[in-house]
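The two complexes that follow have chain A in common; it is paired with chain B in the first and with chain C in the second.
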Partner chain A sequence: MEAIIILFSTGIVSLFIAMTRKPILVLLTALIGVTVTAIVMSINWYTPMQWVKYDGIETDYFTIIYGATATLFSFLFILIGYSKFSKEVYHTGDYIAILIFSLCGALCLFSFTDLFMFFIGLEILSIPMYVMAGSNKKNLLSSEAAMKYFFTGSFATGVLLFGIACVYGALGTFQLKEMSEAIAAMKNSSALLQVGMILILAGFLFKVGAVPFHFWGPDVYSGSPNVVTGFMATVVKLAAFCGFLRLFQLGFNGLDGFFVEILIAVSVLTMFVGNLSALRQTKLKRLIAYSSITHVGYALICLLVKNEHTPAYLWTYFFAYGFSIVALITVSMIVNDENDDIDRYKAFARTNPFAGFVMILALLSLAGVPPLVGFFGKYLVFSSAIEQYPVLIIIALINSGIAIYYYLKVILTAISKDDNAEKSTVSPLHAIVLSISMFGLILGGFVTFWVN
Partner chain B sequence: MELLVIPLVLAIISGFATKQLLKYLALFGTLLTFLLIAYRSWEYFGSSELVTLYSLNASSAFKCSFHLAYDGITLLMLLLNGIIFPLLVLAYYHTKWINNNRFVSMMFLMQFALIGVFLSMDVLLFYVFWEITLIPIFLIAYWFGSGERKKALIKFFIFTFVGSLAMLFSIIYLGSFTNSFNYSDVVSLGLTKEVAVWVMFGFLIAFAVKAPIFPLHSWQPDTYVSSPSPGTILLSALMLKMALYGMVRWMIPLAPEAIEVFRYPVIILSIIGIIYAAIIAIRLDDIKRVFAYASISHVGLIAGGIMIFTKDSLYASFLQMLNHGLIALALFMSAGILEERLQTRSLAQMGGVAKLAPRFAMFFAIIAFASVSVPFSMGFVGEFLLLKEIYSFSWISGLLAGTTLILGAIYTLRAYQLSMFSAPKISEFKDLHFNEWLVYIKISILLVVLGLFPHFIFDLVGPSIDKLLDSVFTINLLK
Partner chain C sequence: MSIDLIIYLLGGLTIGSALMVIISKHPVRSVLYLILTFFLISANYIMLNAQFVAIVNIIVYAGAIMVLFLFVLMLLNLSKENEPKTSLLVKVSALISGSLLLLVLLAVFKDASFLSIENEVSNPNHGLVQNLGKLLFTKYVLPFEVSSILFIAAMVGAVLLAKRDKNIIE
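Let's look at the complex of A and B:
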C-alpha cells in the first residue's frame, strides 16, 4: 500500500513540477519517485511495513517480485521516451505522470484481495493506456489506435464487470478468500458462477490480446507511439496476467474441467494465429505485435498448471520477454522512422554496432536461443506443463520453430551490407537503457535462477 | 575451468584488438588452449575416471547444475578441437579473415562453445552450449561467405534450430522423470521403453540434422558452399563431431532401452546416405560440393558404427572422427586454395595445376589418399574396423557399406585428377606458401603416425568407452 501511495504522489508531484516548463526536472522527480517505490518494496521483503492498513491489498513475495519488475520496466520506458516527451514542453509532465498512474494500477493488480480492488486496478491500468495510445495527436494512426483501443477495451470491461456481477450473485462475496471457501463448500456447480467465470475469462483474454480477442492488438501496437507500445507489451501484459492468475488461483481454486479445455484451445490458436500472421509482416512494430500474441499463447500454458510455482514461472517468462521488448523499442526510437519499415533497419548493426548487437540479442532471446534469458523463461513454462499436456508442448515447440523464421529475417536485415546506410545517433539515455537491457538479456538467466 | 574462460575472454578482447595484436592473439590463444588440453590428456592417459573440473548446483526449478567434467572420450574431442584451431589460424594467417576482428572473435566464441559442449555433464548445460555454437558459425558464414548465401543460411539456421527444438522436447520430457539433469543421475534413470523411445527420438533428430544423416542433410551442401573456407572447416571438422559425440555420450546412455528400436532404421539410413552421397559426389562439378557430399558419406559410416554400439565399433568411430576432422580440414583447405587462386570452384575449369604447383599437388595427393583410406593412413584402421563391425552385424549391410571404399576412391581421385592432371587450362598458379606447407606437413604426419600406431588413441578413449558400455549394459540387464 505504501508503494502505491508513494507512486501516486510522484505522479501528482511531477504534474505540478511540469509547470516549471523544465522537462529534466520532471524526469528527475519521476525517476526518484519510482526508485523510492522500488526501495520501499524491497524493504517490504524483509519486514512488512504496516503504516497504512487496507484490507483490499495484501503484500506477499510475489507481489514484491512482480512489482519490482514492473517498476523496473516503467523506469526504463520513461527513460526511453524522454527524448520524445521533452520535445513537447507543455505536456512532458502529463505523459510521464500518466505512465506512472498506469503503473499504480499494475501494483494494485499484483496485490488485491477482493474483486473490488481487482476491478479498480485493472481500470487504473487501462485508462491511462487509452490516453497514451492517442498521444501522438497529429498522427492519424495514433488517433485510430486510441479510438479502437478505447471502444473495444471498454466493451471488454463491460463484459468483465458483468462477469463479476454474476460471480457475486452466485457466491455472495467479493473477498477472494471467502469466494474460494464458498466454491469449495458448494455441492453442485452453479450455472451463474460458470457464466460469470467465462465472462471474466473473456475479459482477461481480451486484455492480454489472445485469439479470438486479438484484433485490436496489431493496429493499436503499430499506431501508438513507440514507448506506449513497449509499455503495453510488457507492464500491462505482466499486470493483466498476474492479476488474473491471482484471481483464478486464489479466488476460483484454479481452473479445471471445461475451462482448461477452453484455455488449451485458445492457447493453441493464439500461437498459430500470431506466428502465421507475423511471417509476412514488413513493419517492425506490427511484427512485435503479432509475436507478442504468440508469446501470450505460450504464457497461457502457465495458467493451465495448478502448482505453487506457477507465479514464479510466469514472472520468469515476462521478465525475459520484457528486456527484449525494451531493447527493440529503444532501437526503433533510435531509428525513429515514421513508417517503421523493417527495410529501414538495413545495415543497422554495421552503422551502430552496439545498438545492433543488443537488437540481435533481443531477437534471439525472443526466439528462445540459449543462453539468453528468453530461453529460460520458455524452458520453465514448457517443463511445468509437460506431464499434463505433452501434446500442447509439442505444438508450442513447433511454433518456436516457425517463429525463428521471422526473427531471423529481421536479424539478417540488420546485419546485411548497405553502403548508403546513414548512421543514426544514439542519445546517452538510450545508450544507458540499451546497456541495461543487454545485461538483462545475457545475465537475466542467473536472476531467474536466484528467484526460482 | 580455464579451458572455457580463455577462449571467452579472448573472444571479447579480439573484438577490440588492433590488427597486429589480433594475429598474435589468434595464433597464441589457440596454441595455449591446445597446450592446456594436451597437458590434461597426458596426465589422464590410461585412466577411466570422470575428472570434475567445476561443479555448481544452479537451481532446483531448472533441475540443472553447472557441472564440467571430462573423461577419455571428451579429451579426444577436445584434442581434435585443440589441433584444428591453431592449424586453421596458421593456414589462414595472412588472409583477410584472420585480420578481421569479427572473424577472430567469432572463432574464439565458437571454440568456447565447442569446449563447453564437450565438457558439460548436464543435459541442459549441454543444450545451452550446443545452441551457442550455432550463432558464431552462422555469423561467420553470413559475413564472410560468398554468393547468394541468404537463403542457404536461413535454411541452415532453421534446420538446425528445429532439430535442436526436438532435443529440447526430449530434455523437457526427461525432466518430468527426474529431479536432476546431472549425467550420473540421468543415465541411471531406467526409463520404460515407451518413454525411452520418445527421448531418443528427439535427440536423434537433433543429431541427425547436425551430422547430417541422410534424409535431413539437405542444408549441408548449400551451407558448405556458401561459407568461407575457414567456416566450412569449422562446420565440417568440428561442428559435425558434436552430433556424433552427442550420440555416444547422451543419446544412447540416456535411453539405452530404445536402441533396439532405432538401430535398424538409423543403420539403413546411414547406408543409404553413404551410397547416395557418394553417387552424387561422383557427378558434381563444384569441388567444394564434392567434398561436402563426401563428408555426408563418411559421416554416415561413423553414425552407423555408433548405432551398432559394440566395443570395436565405438573405438573405430572415435578414431574415424579424429581422422575425418583432420582430413576435412585439409580437403576444404585445398578446395579453398584452389578457389582463391583460380577464382572458380568448377572442376571443368581447372586442370594442370600439378605442373605449376608440384608441392601443392603432392600434399593434396597425400590427403586424397588418406581420405580414401589407403593402408598406413589413419582412415584405413578406422574404416576397416567399422566395416568389420557392420559386416558382423548383418552381412548385407556390410556389403553395401563396403562400397564406400570403391565409390570414395572414385569421387576423390576424380576430383584430384580433374583439378591436378587434366589438360592445362590455366597458366599461373602460386605454389603453397610457408604456412600452408606447415599445416599440410603436420596433418600428413599425424595421419600417417596415427595410422601406424592407432593404439595411442585407443589407450586414451578405450577405458572410458569400456566403462560407458559397462554402465549402459548393466542398466539394461538389471531390468
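Let's look at the complex of A and C:
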C-alpha cells in the first residue's frame, strides 16, 4: 500500500517538475521515487505497516518479489527511454509519469485480495499502455498500434467484466477468501460460475496475448516506441500473469476439470503459432513479439501445476525473460533504425563488441542455453510439470528447439562480416543498462536459486 | 397490475431497443436507439432500488457520452461506398459462434440461482446516495481512492495524445 502511494506521488511530482523543462530533473525524481518504492517494499516485508484499515490489499512474500522485479524493470526502461523522452522537453514528464502510473497498477495486481482491486489494478495497468503505444505521434504505425490495442483491449475488458458479474452472481461475494470458501462448500458445480470463469480466462488470455487472442500482439509491439514494447513484454505480462494466477489460485482454488484441457490446448497452440510465425520475421520487434507469444505458451504451463511453488517458478521465468528483453530493446535503441530490420544489425557485434556481446547473451538466454538465466526459468517450469503432463513438456521442448533457429539467425547476422558497417554510439545510460542486464543474464540464475 | 409485469415489460423493451441499435442501418438512428436503451436501463435500475446509479447512468451515459457519439458521427464521413466489405466466410463463422454463445448463455441463465441479491433489493433505502457514500468511504475506500490513479493516468494520456505539437504542424 505504501509503495503504491509513494509511486503515485512520484508520478505526480515528475509531472510538475517537467514544467521546469529540465528533463534530467524529471529523470532523477522518477529514479529516486522508484528506488524508494523498492526500499519501502523490502522494509514492509520485515515490519508490516498497517495504517490503512482495508482488506483489499495484502502484502505477502510473492508481492515483494514480484513488486521488486517489476520495479527493477521499470527503472531500467525509464533509463533506456530517457534518450528518446528527453528529445521532447514538453512531454518528458508525461511519458515517465504514465509509465510510473502503469507500474502502480502492476503493484495492485501483485497484492489484491478482492475483485475490486483486481479490476482497478488491471485497468491502471492497461490504460497507460494504450496511451504509450501511440505516444510517437509522428509515426502512423504508432497511432495504429494505439487504436488496435485500445479497441481490442477494451473489448477484452468487457468480456472480463461480464465474467466477473457471472462469478458474483454465482458466489455472491468479491472477496477472494470468501469466494474460495463458497466454491469449496458447493455440492455440485454451478454452470454460472463456470461460464464466468471461462470469460475471465478469455480476458486473461487476451491480456497476455495467448493464441486465439494474439492478433493484436505483433502489430502493437512493432508499432509502439521501443521502450513501450519492452515495458509491455516484461512488466505488463508479469503483472497480468501474477494477477490472474492469484485470482485462480486464491479465488477459484486452482483450475481443474475442463479448464486444464482448455489451458493445455491454448498452451500448445500458442507455442506453435508463435514459433512458426517468428521463423519468417525480418524485423526485430516483430520477432520479439512472436517470440513473446511463444514464451507465454511456456509460462501457461505454470498455471496448470497446482503447487505452492508455482508463483516462484512463474516469477523465475519472467525474471529471466525480462533481462533478455531489456538487453534487446537497449540494442535496438542504440541502432535506432526506423524500419527495425534485422539486416540492419549486420556486423553489429563486430563494430560494438560490448553491446553485441550482451545482445548475443540475451538471445541465447531466450533460447534457454544452460549457464544463462533463461535456462533456469525454463528448467524450473518444465520440470515442475513433467510428471503430470509429459506430452506437453515434450511439445514444449520441441518448440524450444525450433526457437533456437531464429535466435541463431539473428546472432549470425550480428557477427557476420560487413566492411561498410559503421560503429553506433552507445550513450552512458545505455551502457549502464547493458552492464546491469549482462550481470542479470549471467548471475540471475543464482538469484533465482536464492529466491526459490 | 403486478410488479412482475412491469419488470418483464421493461426488460422486453430494453432488449428490443438494444437490438434496434444493431439492426438499424442509419448510424444516427442507432445512436438514438442507444439513448433510449440507456434510459430503459436506468428504469431497470430504479426497479432494483438503485436510484443513484440510475440518475448517474442518465447523466453520464445518456447525457455526456451520447452527445460525444453524435459529434463523432457528424465528423465522420459515413457514406455507403467506403464501407468495409466482409466476406461470406466471416459472416457465417460470426453467426455460428455468436449463436453458440447465445445458446450457452441462455442455458446457463435459465436455471441459474442468483445468491444474495433478493434480500438486499427489498430494502427501499438501499440505493440512496447516503448509503452509497457511507459504503464508499468506509468499506470500499481503497478501491475508491486507487481509482483516482486510473483517472489521472487517463487524463494525462488524453492530453498527451490530443494536444497539438508545434513540430508536427511544421
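Please note the rule applied: the second predicted complex is superposed on the first by the 449 of 452 C-alpha atoms of A that agree within 3 Å, B and C clash if a C-alpha of one lies under 4 Å from a C-alpha of the other, contacts with A are read in each partner's own complex, and residues count from 1 in each chain.
Throughout what follows, a contact is a pair of C-beta atoms (placed from the backbone, for glycine too) under 8 Å apart; a residue touches a chain by one contact, two chains touch by 3 or more.
Not measured: the values here are computed from a predicted model.
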item	value
Side-by-side fit of chain B and chain C on chain A, or clash	fit
First (chain B), second (chain C), both or neither touched by A:S190	second
Which of chain B and chain C A:F155 touches, first, second, both or neither	neither
Partner chain(s) touched by A:S383 [first = chain B, second = chain C, both, neither]	first
Chain C, chain A and chain B - angle at the middle CA centre, rounded to the nearest 10 degrees	150
Partner chain in contact with A:P370 - chain B first, chain C second, else both or neither	first
Touching partner for A:F439 - first (chain B), second (chain C), both, neither	neither
Which superposed partner A:F354 touches (first chain B, second chain C, both, neither)	neither
Which superposed partner A:I12 touches (first chain B, second chain C, both, neither)	second
Touching partner for A:K138 - first (chain B), second (chain C), both, neither	second
Chain B or chain C, by number of chain A residues touched	C
Lowest C-alpha to C-alpha distance for chain C against chain B (Å)	37
Chain B/chain C common contact set on chain A	none
Complex interface listing, chain A residues touching chain B	309, 312, 364, 367, 369-371, 375-376, 379-380, 382-383, 386-387, 390, 393-394, 397-398, 400-401, 404-405, 408-409, 412, 415, 449-450, 452
Contacting residues of chain A [partner chain C, same complex]	1, 4, 8, 11-12, 15, 52, 54, 56-57, 88, 90-91, 94-95, 97-98, 101-102, 104-105, 108, 116-117, 120-121, 123-124, 127-128, 130-132, 134-135, 137-138, 146, 166, 169-173, 190-192, 195
Of chain B, residues touching chain A in the complex	58-62, 124, 127-128, 131-132, 134-135, 139, 142-143, 150, 153-154, 157-158, 161-162, 165-166, 168-169, 172-173, 175-176
Chain C to chain A touching residues, read off their complex	104-105, 107-109, 111-117, 139-143, 146-147, 149-150, 152-154, 156-161, 165, 168
